[in-house]
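Which chain is which? They are A, B and C, in the order written, and residues in each are numbered from 1.
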Amino acid sequence: MKNILMGLCALATATSCQMHRAADSQITLSSVEKNIAISDAKLTAADFGLSSDIDWSVSKKTLHGGMQEGVELVTINNGEIEIDIIPTRGMNVMSVRSKDITLGWDSPVKEIVHPRNVNLNYNGGLGWLDSFNEWMVRCGLEYSGHPGDDNGRLMTLHGRIAHIPASELKVEVDKLPPHRISVTGIVNEVWFKGANFTLETTISTLPGSNTFRFDDVVTNNSSQDKEFQVLYHANFAKELLEKGSRMEGTIAEVQPFNDYAAKSLDSYETYDAPASVWADEKVYQITPFADKNGFAHFMLHNQKADKAVSFSFNTDALPYLTQWKNEDSRENGYVTGLEPGNTFPANRAHERKMGRLPKIKAGESINYHLVYSLHSGKSSVEKAQSKIIQLNKGHKVKFIKTPENK
Amino acid sequence: MKNILMGLCALATATSCQMHRAADSQITLSSVEKNIAISDAKLTAADFGLSSDIDWSVSKKTLHGGMQEGVELVTINNGEIEIDIIPTRGMNVMSVRSKDITLGWDSPVKEIVHPRNVNLNYNGGLGWLDSFNEWMVRCGLEYSGHPGDDNGRLMTLHGRIAHIPASELKVEVDKLPPHRISVTGIVNEVWFKGANFTLETTISTLPGSNTFRFDDVVTNNSSQDKEFQVLYHANFAKELLEKGSRMEGTIAEVQPFNDYAAKSLDSYETYDAPASVWADEKVYQITPFADKNGFAHFMLHNQKADKAVSFSFNTDALPYLTQWKNEDSRENGYVTGLEPGNTFPANRAHERKMGRLPKIKAGESINYHLVYSLHSGKSSVEKAQSKIIQLNKGHKVKFIKTPENK
Amino acid sequence: MKNILMGLCALATATSCQMHRAADSQITLSSVEKNIAISDAKLTAADFGLSSDIDWSVSKKTLHGGMQEGVELVTINNGEIEIDIIPTRGMNVMSVRSKDITLGWDSPVKEIVHPRNVNLNYNGGLGWLDSFNEWMVRCGLEYSGHPGDDNGRLMTLHGRIAHIPASELKVEVDKLPPHRISVTGIVNEVWFKGANFTLETTISTLPGSNTFRFDDVVTNNSSQDKEFQVLYHANFAKELLEKGSRMEGTIAEVQPFNDYAAKSLDSYETYDAPASVWADEKVYQITPFADKNGFAHFMLHNQKADKAVSFSFNTDALPYLTQWKNEDSRENGYVTGLEPGNTFPANRAHERKMGRLPKIKAGESINYHLVYSLHSGKSSVEKAQSKIIQLNKGHKVKFIKTPENK
């Protein structure tokens, strides 16, 4: 690595030619504050003054060509899974890959689109769809949900945070075993006389683990309390979505989003094969319940139940989960979203009317924790399932059959 | 060239430091797939393992300053003409230059504007005009034509394809004489739940020739049939446009676009001098007829008929030609567009109503062929004219004097 | 410097590896015409063939990370004050700093946002607020003022000129003493069939001086006369704004912008402390009078009157001054704008109706001169004050108490 760094220095300008090392355990990859941007790097245990039996790394590269020219990509390879983080797109995650499971999907949008190529206002506020292809897209923070008017202002689909480049980006490794590997980014959503939010996200994993987590903090820097929305738009397909795939979770209540979804409420947990020509989306508004630690638990597994993802999140900050079943053709993007949020995905005006739109106080910070695990093989999947079954004992899902939206 | 390539490697990052050579006859200049972007290069016959009596080259450079910072420009110099292709702007062509003829014009917009600086929604959907200065701008593909509402959606002027950077860009040279030089680009126009088109364009010429051609393929990657529009907005001025310039072609039918154009229908073929202060545009909807090979033939020559451009295109894919006479002042952009298309340039809603809006089937590909020649000297111009005169024998132009649009 | 230039050449491509020196006294830093972009440089007296007792420099760097990736910044350090000019943002000025006075403010927007990240249409035409944080932002040129409809077109807040990168950028130093240091940029605001303006701005200062000036020329390149607007949105806070700060000037007439401002008309000259939660803005429309040389004179000083900025401008081109009192919380951006302009800041439609909207003739150029001085210490402040008091002798401010806007 030292040689690569020296190579970078030879190429870069005087002000940007060094990675900043606040300590052995922390390396800055890009920073507004320090005016640093490292285009390409590969960091290993040795760069943090550590040795490791597991061959892990954190690398950064710049993408070229088409709509992805200039996009920066950070990959954590913990020896077991690879996590592709996109600092240029609000610290979204393109995909997570183990040997035989991929978190992600095949959108018709193939490139990782630079935000500068996206006009959120386009097409009546649907411009967000021009770059929609990541496994994990955060929606929010000033607003999220469907486009449309709220008090005379056009709410563009799912807000702005996914199209704001991170201002600060660093890699940290715990000095103490098991040497957690963390990538932290800071993303600012701000306009004069309006929103003034900071998202600080840490995406971390342990060497050799099949588990990773998001520890996010959203702060309101304004002197006024503010409405805000957060939605973790996580999208699954690949090996996990097929006819017979099934979503399970600690579910208290389910309500279809609209009349079309209401027709298939009975089968909301299971999935169809992709359509051959076209299929409309079905959306269900799910209210989960939490375990004694305050976490809801969900999973999605394939038909054979030998591949799965499981995940949990803190319901104090994320009291809702939106299930988005898009059983469209493969060409059009066969996918399901399982999306923890602090509201459901209708327009902000509707969420406010329904009493779901929260406020964050002046100066307040709110914490979000999401833990994801990849399960390969029947026994691993069963173990994840049995945990959810155990939690569901004594609970009965309440079905609200009449949708809120027409 | 080898030295230049090595120089580039010394400058570039590890992942982008090599041009990809699939064979001696093909060199990749930029590629999403291979994560390659070569900023500056000059390729000659030797780089393709050939020798040549004609001193031809294909070069690539990056533009700097103002609105063109970061724009990539590829120039084919075949020894006789130079063709400036803009991969960053959907493979548009800025200008084509021989010793004494230029295809192109003097727009008030002087720079080659990077698409990232353009907001198509701006000014009620007229943002496209912020960068309008190329000889050849493709319009489409999801929609083209005048801005306005179509089923609740704002169609921005002339669509998006001109503002999408090419995802793949390569140079090919035929191993066999006469060693055709080709630049091929792939441009993707796609959004989730919407358009999913690919334009693959090959712009090619022979060493020492005054002729070049576009061989374009538009493919619908969706699982659904889709409406689409294609317009080759080719704009002429410079040595070819003046008082007395004349457009000729294999014309079956002419209709003025609006009342203003209707007043000058009699003189639609000839041109006035530029206005001193301002002049409105006149548009004519021309339906050409094809020769036995399926090609329509047109030309534009100066007053003396000693300089001309002639061109032909396949009418199965491009059944219409829009003539745009913008006899405005030189400062405001004196120019005429002669624009083969699959519709006329009214809003998509109007074209649909008139039965002109075509569909492309799921998975279908449609081929577009346009051949342009530069003619210098009376005899060369006469030869091109006589071909059109010959084809027009026995044909009479049908005039529809009432415009469709008000 | 020679070494740094050679270093740059080693890094840059063949076409961009040299700064252009038209003469010893002029160095091009970026240029569309010459296809040059120097990312990093530091120029001193020696680079212009001069020696200097005062250690002055002009440097250029590129900013990295977040919303400011790729923004270019030019700093004039004249030995006494530093001026941060942003060529990427229409030659705006981020801040001016002496030992104990800063022209500038603390906007909630912290980064110098690249125009490519800004959509002026966003949020009903308020997108300009996404990057509002500079000391000096020019507004205009086709239009300025509040967003809203003018003849069917959305006027976005304060126009486009602040979001257009300079096409040409050079540094000049007078060969003759006192060796004025000038940075000149050319910014083009143009669209086909619309605006066609050039702003040529020269920002200059003398070595060791506490004064600097703008000498701007706006030219209409169209063949038609055009309406246009120019507003120098200069924003003050830092050491100059606090409870008891006071604005003084050669004021002929004052009118509140709206009813809210009308309530505090009596105290329009003085400032309150920042609000703790939120405060609305108060705007006053001021018509200044000029001295015998045609210049109006204004100043802003702190409560103690030991720190001040004074400025003057030519009233033939800039007949109005808008006072914008934004006594909001520190978090939300406590600031006042003192903004010479050729109209007031209502929507263009309103300014036209009030007879204030000027035209610039085809081919005409109009000159703008603004001179700013930083005053440290009571005696320096008093001297600036006494000049204004002297000019005000025999003048009485006319108050128009009824606002034009509701």
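The definition used in the following text is that contacts are C-beta pairs under 8 Å (C-beta built on N, C-alpha and C of every residue); 3 or more make two chains touch, one makes a residue touch a chain.
What you are looking at is a predicted structure, and each value in this text was computed from that prediction instead of being measured.
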Rotating chain A so its CA atoms sit on chain B gives an angle in degrees, to the nearest 5, of 120
Given over half shared residue numbers means same and under half means different, the chain A/chain C interface is different
Averaging C-alpha coordinates per chain, one finds the centres of chain A and chain C separated by a number of Å equal to 41
Among chain C residues, those touching two or more other chains are 11, 116, 119, 121
Touching chain A in the complex, chain B uses residues 11, 13-16, 30-33, 35-37, 70, 115-116, 119-121, 152-154, 164-169, 188, 190-194, 196, 221-224, 362
Residue positions on chain C within touch of chain A in the complex are 11, 39-40, 61-69, 107-111, 114, 116-117, 119, 121-124, 126, 129-130, 132-133, 275-278, 328-333
